[in-house]
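Got a structure for you, questions after.
When the chains are written out, they are named A, B and C in that same order, and each has its own residue count from 1.
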Amino acid sequence: MNFDFRQQPIKISSAVLAVFLGLLIGAGFILCTGNNPITVYGFMFEGAFGSTASVASTLRWTTPLLYAGLAAAIAFRGGMFNFGIEGQLYVGAFSAAIAGVYFKGMPGVIHILLCFAAAMAAGCLWGVVPALIRVKLGGNEAIPAMMMNYVAMYLCDYLTQTFFLPEDTFGQTMATELIADHTKLPKIIPPYTVTYGFVIAVILVILAHFGLKYTKAGFQISMTGMNSEFSRYGGIDVNKIRFRAMLLSGMTAGLCGAVEVMGITWRYESGFSPDFGIEGILSSLLGGNEPFGLLLGALFMGAMKAGSLVVERSAEVPRALAEVIKAFIICFVSARYLSACMGLDRIADKVRSVICRQTKEGGGRAHDQ
Amino acid sequence: MKKRLLAVVLCVALAGMVTGCNGGAEGKTEEKEKVEQDGTKEPEGGAELSAAFVTVQPLGDPTIDLCYKGFTEAVEEFGFGKTTVVEAKAGEYEENFRALCEEGYGLIIANMPELQEAVGRVAPDYPDTKFMIALGEAKGDNVISTWNKEQYGTYITGVFAGLMTKTDKVAFLGGVDNDQLGRVGGGFVDGVKASNPDCKVEVMFVGDFSDPTKGKQMAQLLYDEGCDIIFQAAAQSGKGVFECAKEMGEGHNIIGIDVDQNGDLPGQVYGSFVTPYDKWVYEAMEEFAKGEFEGRVIYRSVKEGTTLKMAEDYVEIPKEVSDAVDEATEKIISGEIEPADTLK
Amino acid sequence: MINSFIITVLRLSAPILLCAIGSLFCDRAGVTNISLEGMMLISSFTAVLGSFITGSWLAGLLAAICASVLASLFFALITIRFGGAELVVGFTMNVLLDGLSVFLLRSIFKVSGSFVSEKIVKIPSFSVPLIKNIPVLGGLVTELNILVCAAYGSVFLAYFIFRKTHLGLQIIASGENPQAAATVGINVYKIRLLMLVITGGLCGMAGAQLSLGYLSMFTEGMTAGRGFIALVAVMFARGSAFRVLLVTMLFGAAEMLSNYLQLYQFSSYLILMIPYICVIALTIIQLIFERKKKIIK
């Protein structure tokens, strides 16, 4: 089985076409349920951008996707498949929660940083096994990483149940105590649930972009992902870089869990993540594994999530439809020749040459791509 | 390059929208509030009653269906005009409640303890919206919290099972190993020991409330081990237990959970541990409709009907057994017996 | 009692085995298809749908196979015709088909969570009359149904195809060196398409076995990671159909054994971890073995 993944850039025309086709197919499904696609998409848009509450909701759902997506992107750029993001964010969340509960008596900012550090360390640790399997043993890291997800979820539940269960919870969910007040991330638009975690995420994305493009370490990671043989020829220690990429990815995933715990739930709860790991991977794929593309991709997925919640409340369309549309879009995005086959490439080229001719005096052919 | 520009433009647009929408949204919610004010403040006088039903496990889960039954009955009886059902997944509870409050729902029914924390966070911000938690607790004058002390009812169930078993081996199959199932199981184990000290009780957990395949596997294992009665408390996974018992035929029996499952497999279901969730929801909605809503914590137990319902219509229940059950019930109600509330 | 153990292992391993053999065909032909989980789910749903509407389990089975083959064709379209990355499309299709099965469940039947109904007809099972009471042998012939037989039959079929037929040779050639194969005149695209269709059919049967064979209901997400276990089996098998059988049986047995452990008062969470830890451990052990072999060579 061939699990090599080569990083390939995405054209804007492909992305736009993919989104359009995906929405078209979605409209078809909506019609089948007997609803009007325009009204349903209208609800979705309103639910994502229509009011302060909606925008806050969109940002709130974008935040974990940014972290998880960044984790996925870093791994992909290094040529690794980090399917273990879900598990890494679980252990990260758990560690952050424990650090938040048990280190009382520390000043606010230090405590927050401690929680973050705990989460990053845990996520990093959880990425070691799959990384070693790939680097030292030459095996494929995707499936072991996936197995580690299940192990992580059960492990965190077991630890909570055995050591960290608070007194007299009548509850059903396995959860720890609430974290200390000053470790809760403050909200940007109170009383809505979007926190400064979003701001930190955007900063990290910007850092990642510049890191990948302009630093030596970033260059090494990118090259290893694009062509490992060439990188080895150029003197890069491919194994070390791959290992580092995976660990970095794990740290970011751990941070995802931490931000979710410290911003939204304020404790570790069993099953708190509605597949953030998978959605993060999808966001990254949507954005072509580039940090700024990820920003767009995560925003899009976050908006769709926020919108689909409203759609489920207002119309009778199940939110699963949003998943279907998202997945179709990503399939189409990956289909490189789709726009070519549809003749859009020629149209796009013509448009570009027209624009270039108009901006450059004296004409000339369009140099780009 | 293009992508970067697009990303920056989008962020600026978003920022602009936030500030712009802030002004616009305020106007919008104000308008909504005005329209809904009449509906939510004074329920009498023919103004519109509105209620939302929020759940974590989806409809189709027998427990939730029972709550929903109470909801729909009250809606019909008292004429609630605006209703909706919301299925909330992890991480979106608080958001959903806030959205419902802003959309002007007067009464929000929250089901199952996962939602109690979110209610606790949202209720203080919206004192005019009333909440009822169908199994959970949150502070507030506008919140009715209900707790179920399952262990008393399951003690009686255990007494029953201990006497009905012919192989002196019964089993408790829970969904997930948590506090609530600890109560359910703990009372059951005590009850069995009390009525039949020689009877062994096997305890297992499926690990998931919605994996009937695994439920069936485990039921198979338990029946093969010699258990002839399985007390299943595993929601959807429990349906696998029914499948297994159906396949294996007579001699393999079940005690149902939450709803009256006595008729689901006639003859093989000896009884069900019933919790009248529908009554609780109905009562709360009745209070709201009549304007008598009072925020408080209610503890429910055997007296209010959270107890064993024997399958008399389908199974021959010997007189000694039903007498023993009645005796146990009396002892529980009088407070003479205090069953364990955990399995440890 | 050991019979009952064997029976359950056989019936539960059948879906995984079917998917694994399908994936084996794809793998040998050079196609990396990780959308097994999604294909199983959509076919589980369609099987129940078909059985419910027509009252016949055969219609349900056929519907399941159709749905799964359609999904495979979509995969083929996007990857072969339009140049999509197989890993990306495969992974995304899992999400797509999972969402689709949930969407259809809620839109068509207006229920969520799971769908149970008396109208759903289960696949009938049969047993060989006398042998079934013999201790170990009996377990192998009791409570079988057509799909379980198909699963074990497919192992032999795969072995036969790869070892003894011209088609098998073409498949292996397409996988090992597609350019060389094309030079000799083998239509690699056609072979790969055929493999995908076969995988679709097998996954359809697997899904039907889950929802109509073992149970008679559909639950959202009922495959619970079995598609990925199938992938692991194929990875361990290194191309041999019999090794796929062996690994799948081991997984089935490990899962049942871990259920037994719960009877001994260990925390259920720790026990539920065991199958997954086993997979990781086995991966590591096998990789170390392979390395040693390479070094010796």
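As a convention for this text, a residue touches a chain if its C-beta (ideal position, glycine included) is under 8 Å from a C-beta of that chain, and two chains touch if they have at least 3 such contacts.
Quick caveat: nothing in here was measured; it's all calculated off a predicted structure.
K.L.:
Hey, which pair has more contacts between C-betas, A-C or A-B?
P.N.:
Answer by contact count: A-C.
K.L.:
Work out the mean Cα position per chain and let me know which chain is farthest from chain A.
P.N.:
Centroid comparison gives B as the farthest chain from chain A.
K.L.:
If you average the CA atoms of chain B and of chain C, how far apart do the two points sit, in angstrom?
P.N.:
For chain B versus chain C, the centre distance works out to 35 Å.
K.L.:
Let me have the rounded angstrom distance from the C-alpha centre of chain A over to the C-alpha centre of chain C, please.
P.N.:
Those two chain centres are 29 Å apart.
K.L.:
What whole-Å value do you get for the distance between chain A and chain B if each is reduced to the mean of its CA atoms?
P.N.:
Computed value for the inter-centroid distance: 34 Å.
K.L.:
Quick one: which residues in chain B touch 2 or more of the other chains?
P.N.:
87, 177
K.L.:
Where in chain A do residues touch two or more other chains at once?
P.N.:
Where chain A meets two or more other chains at a single residue, that happens at 161.
K.L.:
Can you list the chain C residues in contact with two or more other chains?
P.N.:
112, 267, 269, 272
K.L.:
In the complex formed with chain A, which residues of chain B make contact?
P.N.:
My answer: residues 2-4, 6-7, 10-11, 14, 17-18, 21-22, 24-26, 28-29, 84, 86-87, 89-92, 94-96, 98-100, 102-103, 112-114, 116, 125, 135-137, 147, 176-180.
K.L.:
How about chain A: which of its residues touch chain C in the complex?
P.N.:
Of all residues in chain A, those touching chain C are 1-3, 5-6, 8, 29, 32-33, 81, 129, 133, 137-140, 143-144, 146-148, 150-151, 154-155, 157-158, 161-162, 278, 281-282, 285, 317-318, 320-324, 326-328, 330-332, 334-338, 341.
K.L.:
Using the touch rule from the top, collect the residues of chain B that touch chain C in their complex.
P.N.:
57-61, 87, 177, 202, 204-205, 207-208, 210-214, 216-218, 220-221, 224-225, 236, 239-240, 243
K.L.:
Spell out the part of chain A that touches chain B in their complex, as residue ranges.
P.N.:
12, 49-55, 57, 60, 161, 169-174, 189, 191-193, 202, 209, 260, 264-265, 269, 271-274, 290, 292-293, 295-296, 299, 309-310, 312-313
K.L.:
Quick check on the complex: what are the chain C residues that touch chain A?
P.N.:
For this pair, the touching residues of chain C are 27, 30, 32, 78, 81-89, 91-93, 95-96, 98-100, 102-103, 106-107, 112, 225, 228, 231-232, 234-235, 267, 269-270, 272-273, 276-277, 279-280, 283-284, 286-288, 290-291.
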